[in-house]
Structures are given as structure tokens and as C-alpha cells.
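Chains: A, B and C, in written order; residue numbering restarts at 1 for each.
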Amino acid sequence: MSINIKLEVFEGPFELLFHLIEKNKIDIYDIPIAEITEQYINYIKMMQSLDIDLASEFLVMAATLLEIKSKMLLPKIPKEAEKEEDPREELVKKLLEYKAYKDVTEILKQKLIENERSLCKDSSLADEIIDSFALPDRLSIEILVDKFKELMIRKQSQKDIEHSKIYKDEITVKDKIVEVLKILSIEKMVYFDNLIMNCINKLEAILTFLAILELIKQRKIYVEQASNFDKIIIRRR
Amino acid sequence: MDVKKAKAAIECMLFVSGDPVSLKDLSDVLEIDQETLKKIINQMIDDYKENTRGIKIVEINNSYQLCSKPELYEFVEKLLKPKAKAGLSQASLETLSIIAYKQPVTKSVIDSVRGVKSDACIARLLEKDMIKEVGRADGPGRPILYGTTNTFLRLFGLKSINELPPIKDLFKE
Amino acid sequence: MDVKKAKAAIECMLFVSGDPVSLKDLSDVLEIDQETLKKIINQMIDDYKENTRGIKIVEINNSYQLCSKPELYEFVEKLLKPKAKAGLSQASLETLSIIAYKQPVTKSVIDSVRGVKSDACIARLLEKDMIKEVGRADGPGRPILYGTTNTFLRLFGLKSINELPPIKDLFKE
């Protein structure tokens, strides 16, 4: 039996969400969050089952969707119900902003297609003429040094961008699972707080959280909390 | 100086420069006031429309530059096989739009609008001279601020950033 | 193709190319026989003589190149002189700074730091006696190594290359 899978690849979570919203002909101002969340997570699962590298941002969005879903399930406290805040509002705002840029991008793309066939000359002729002028008796070393610094900074910022790209590709939930298990193979227990505090950014914190959830599901660890707001303790099973 | 000679001198200077030349610089060299000069250049822009001409004058940010006519691109392509196409991915184009409308803007703002990291796109746009660093924002880490370049304006056929197509006002709805 | 369009296409191709383009290449691209083409180009050479034009077509060895009209050079000079304050073009200053700090250095290193080809700049710096060949690097092709000259030291007011201002504090910020 052959299975034909036509899988669209999405650049980011917003693009995927938009695809789902359009596919389901949903009013963006009234998103059925439970349904969309399910579809979204199904898509992610499918990607993972196909071993397609998934940017961690997709997982962050999954967490956000689950959070909104749970908020909407919570019974409203009467006092708060007055100024009833829709938990979806923030997400809708972001989606609309993203859509606005997506729309103008299409217009700009057309403009680019019309104009990129118009070419200009480089400035090498002007450079040649400038260099043909007689040299002054004295040249400024400062200008020369500044030029070199400028070049080095340009090179450096290119390198920085390359590094951050590599960094982004490096962390995955899998890595975090290994890391948590490694800590627990040395220590009997670890505080949830400590794991999160050691993360260098929000993304890493979220990945750590997802790793813990996965490990609980796999019954490799268990968590306990003596009472409300106490420190959460993670232990090996 | 008569208008004919001024036209010849302008064409000559724009040709040699290659890069855009500001109205002010042209005015200083020719000793013609900017208003009169602008009229002459507008006449020239019309002259270039004639169908024996293969080049045109493009206005960018109150500067002028000579460019080839896009409708003749097929010949240039056959002759030189140039890397004319900007070759930007959808992701890079999106990043570029956000920078164009929000400039000056930091990477983290761009990331948050797109919902994904934009490092690779920014690197590509810098490399293509579509954007540049325009300063540093206040605040922790003093992040780099990005803005668009004259190359961006030229390739998108815009005289200035004010000619960007209107974007839906998100906060009015 | 009608003559008008051929003229436009020729102007366009010569403009974008910058370098001389052979009659044969033009004939291949336009699919016009060389004899007819030559007549069209000769007509164009006449057209350019009009006194509103600042450029002209020059024939070199059966190739054609667009050039600025020499009688308008005074305007070019007036436009570019202020930009020559640093004594050299920006491109040449960049090239020279890399050679000064990284000497002895090969062309390919210079190209990679600048992100563009530096052949023309190196040639002009050699001609101005600012740099010289100081040897050959090991490795494939044994590329030429460049270094600065005594003329360089004199013009920048340095006693020796050790007096170049240090730049190591660059990455502290």
C-alpha cells in the first residue's frame, strides 16, 4: 500500500495557524480554540513522526494554544467577568499584525518583479577617476584606521549572525530530555525552579518544560509538590 | 548655462558616478538652483522615455541614478547572464517588509511579528544591501536597529520610504 | 526587430556591461547581422553627438563601450573632487587598510574581507606606489603577497609600520 502524503511546509507557527484558519473558514475574531489547537498539535505530531526538523517556535506556539484553551475552560470568577478579557485577544492581535505584513509583502513582491530587471552601474568608474587625482602631500591615518574598523565590524556582525543561526538549530526537546536525565543520574532530585533558572532564554525554558512533560508521560520521572506554591521537586522513577 | 548643456552634464555625471547623485550635489556643480534643476531633470526623464533609449533616470530619496530599462532585460540577460534577480525567499521578503514599515527596528521586534527567528533572513538582506544597521536601541544589550537602503528603494521602484503601499492600520480597527 | 528597439537594446547592454562589448556578441544577442548592426551603431554614434547628450560610444578593436564625453570632464571633476578628500576612493582606502594591517596578504584574503573583487583597486594602489609585491604565499598557485611601501609610510606620516594605531580594543564594547 502506498501512502501519498502531501505535506505543506510552514515557515513558522503563524503561517501554520493561518493555513488552519483559512482551511476551516474560521472567523479570526472568534477562533474555536479547542479545535484549532487539536489540528495544530496533530500537524506537529505528523511532522515529528516524519522526522522533519521542527523549529522550536512551533512548540512554543503549541504551549500558548494550550494555555489559551485551559484559560477558556476555567470557570470565570464573577468579579473578573465584568471586564471579561478574551484570552484569545493577544493571539488574534499578533495574527492580524502578521497578516497585514504578509499582505503588503505580496504587493512589494510585485514591485520587485517589475523593477529588479532594471540594472544600474557600479561606482568603479567614479572610483577610478577619484584615484586618478594627484595624491595630497599628507593622508590621514585616522581615515584609514576607521575604514579598517568598519570592515572588521561588518565582518564580525556577519559572524554573529551565523553563530546565532547555529545556536538556534542546536537545541531541541530531545537534547533537553537527555540533559534532565543526566542531571537525575547524578542527583537524586532536582528542583524545577533550578532547571528553569539555568536557562539562558525563554525558548530554552519552554523546551525544558516540554522535556519534563515528555519524561512524565514516559514515566521516567515523577514530580511532587508538598503544598501549593512550594518548590516542585523532580525525581527519577 | 543653457538647458541643453545642463542635460549633457547631468547625464555625464550620473553615468560616471554609477551611484545615486543628490540634487544638492548636482545643483552645486552646475550652479543651477535646485528648483530649476528639478524641472530640467524631469524633462530628461521624459526624454529618456523615447523608444531609442535603453536607459532611464530613477529618483531615489532626492537623488538620481541612471538605470537600464527593465523591458530590455532580456538582452542584458542574454549578453551577461547577470545575477539581477534579488533572489529573496518569501521569508526574507516578509522580514524586509517588516523592516521597511517599522524602521528603525530591532531583530527581536521582527522575530516577534513573524513568530520565528529572522537571523538568517537578516543576514541575507544585509548581504544583498537591502537593509543596513542604522544605530543601536536604548536598553539592555543596546540591540542593533535595522533600516532599509537606497538599493531597497531602487529595486522596489520607490522614490522614498513614504511611497510604501499603505498597510492596514492594526490599531484603528 | 526595428532599428529603434535595436538602438535601445544596444545602449542598455553597453550601459550595464561597462566594459567593451564585441560586435559579434551584440550581433548574436540581437540576431542582427554584423554589417547591419555596424550601420546602426554608427547612426547611434551620430545620435550621441547631439549636445544634450553627456555620453558617447567609443569603438575599440571591433568592440564598443559607453564613455563620458571628455568635454564635460570639468563637471565630473567638480562632482568627485570633494569625495576625493581622503586622497583615495573609498574602495581603495578599504583595500589599503587591509593591506596595511594584514600584510603580507594575498588578493583572495583582501577580497574575502571586502566581500568584492579588489583587482582594480590593487592595480591602482600599485601604480600609485602605495603597495608593492613582497613575495609569494605557499600553497596552490603561489599567490602574490602584498605589503605597504615607503611612500605609504611617508604619506601617512608614519616612521614604520609598527606605528599604525592598534585596533585590538575593537571587540571590547
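Here, a residue touches a chain if its C-beta (ideal position, glycine included) is under 8 Å from a C-beta of that chain, and two chains touch if they have at least 3 such contacts.
Note that this is a predicted model, so its numbers are computed, not measured.
**Student:** Where's the contact count highest, between which chains?
**Tutor:** Comparing chain pairs, contacts are most numerous for A-B.
**Student:** Report the chain closest to the protein's overall CA mean, measuring from each chain's own CA mean.
**Tutor:** Per-chain C-alpha centroids ranked by distance to the global centroid put B first.
**Student:** Based on mean C-alpha positions, I'd like to know which chain lies farthest from subunit C.
**Tutor:** Looking at centroid distances, A is the chain farthest away.
**Student:** Which integer distance in Å separates the CA centroid of subunit A from that of subunit C?
**Tutor:** 44
**Student:** Distance from the CA centroid of subunit A to that of subunit B, rounded to the nearest Å?
**Tutor:** 31
**Student:** Let me have the rounded angstrom distance from the C-alpha centre of subunit B over to the C-alpha centre of subunit C, please.
**Tutor:** So the centre of subunit B lies 23 Å away from the centre of subunit C.
**Student:** Quick check on subunit C: which residues sit in contact with 2+ other chains?
**Tutor:** Those would be 15-16, 68, 76, 80.
**Student:** Tell me, which residues of subunit A touch at least two other chains?
**Tutor:** Residues 119, 121-126, 129.
**Student:** So in the complex, which bits of subunit A are touching subunit B?
**Tutor:** Residues in contact with subunit B: 11-15, 55, 57, 61, 93-94, 96-98, 100-105, 107-109, 111-112, 114-126, 129, 157-158, 161-162, 164-165, 168.
**Student:** Would you mind writing out the residues of subunit C in touch with subunit A in their complex?
**Tutor:** 15-16, 18, 68, 76-77, 80-81, 83-84, 86-94, 96-98, 100-101, 113-115, 120-121, 124, 128, 155-158, 164-165, 167, 170-171
**Student:** Provide the residue numbers of subunit C that touch subunit B in the complex, in ascending order.
**Tutor:** Against subunit B, the touching part of subunit C is residues 4-5, 7-13, 15-17, 21, 25-26, 29-30, 47, 51-55, 66, 68-69, 72, 75-76, 78-80.
**Student:** Using the touch definition up top, name the residues of subunit A that touch subunit C in the complex.
**Tutor:** Subunit A residues touching subunit C: 119, 121-131, 133, 135-141, 143-145, 147-149, 151-156.
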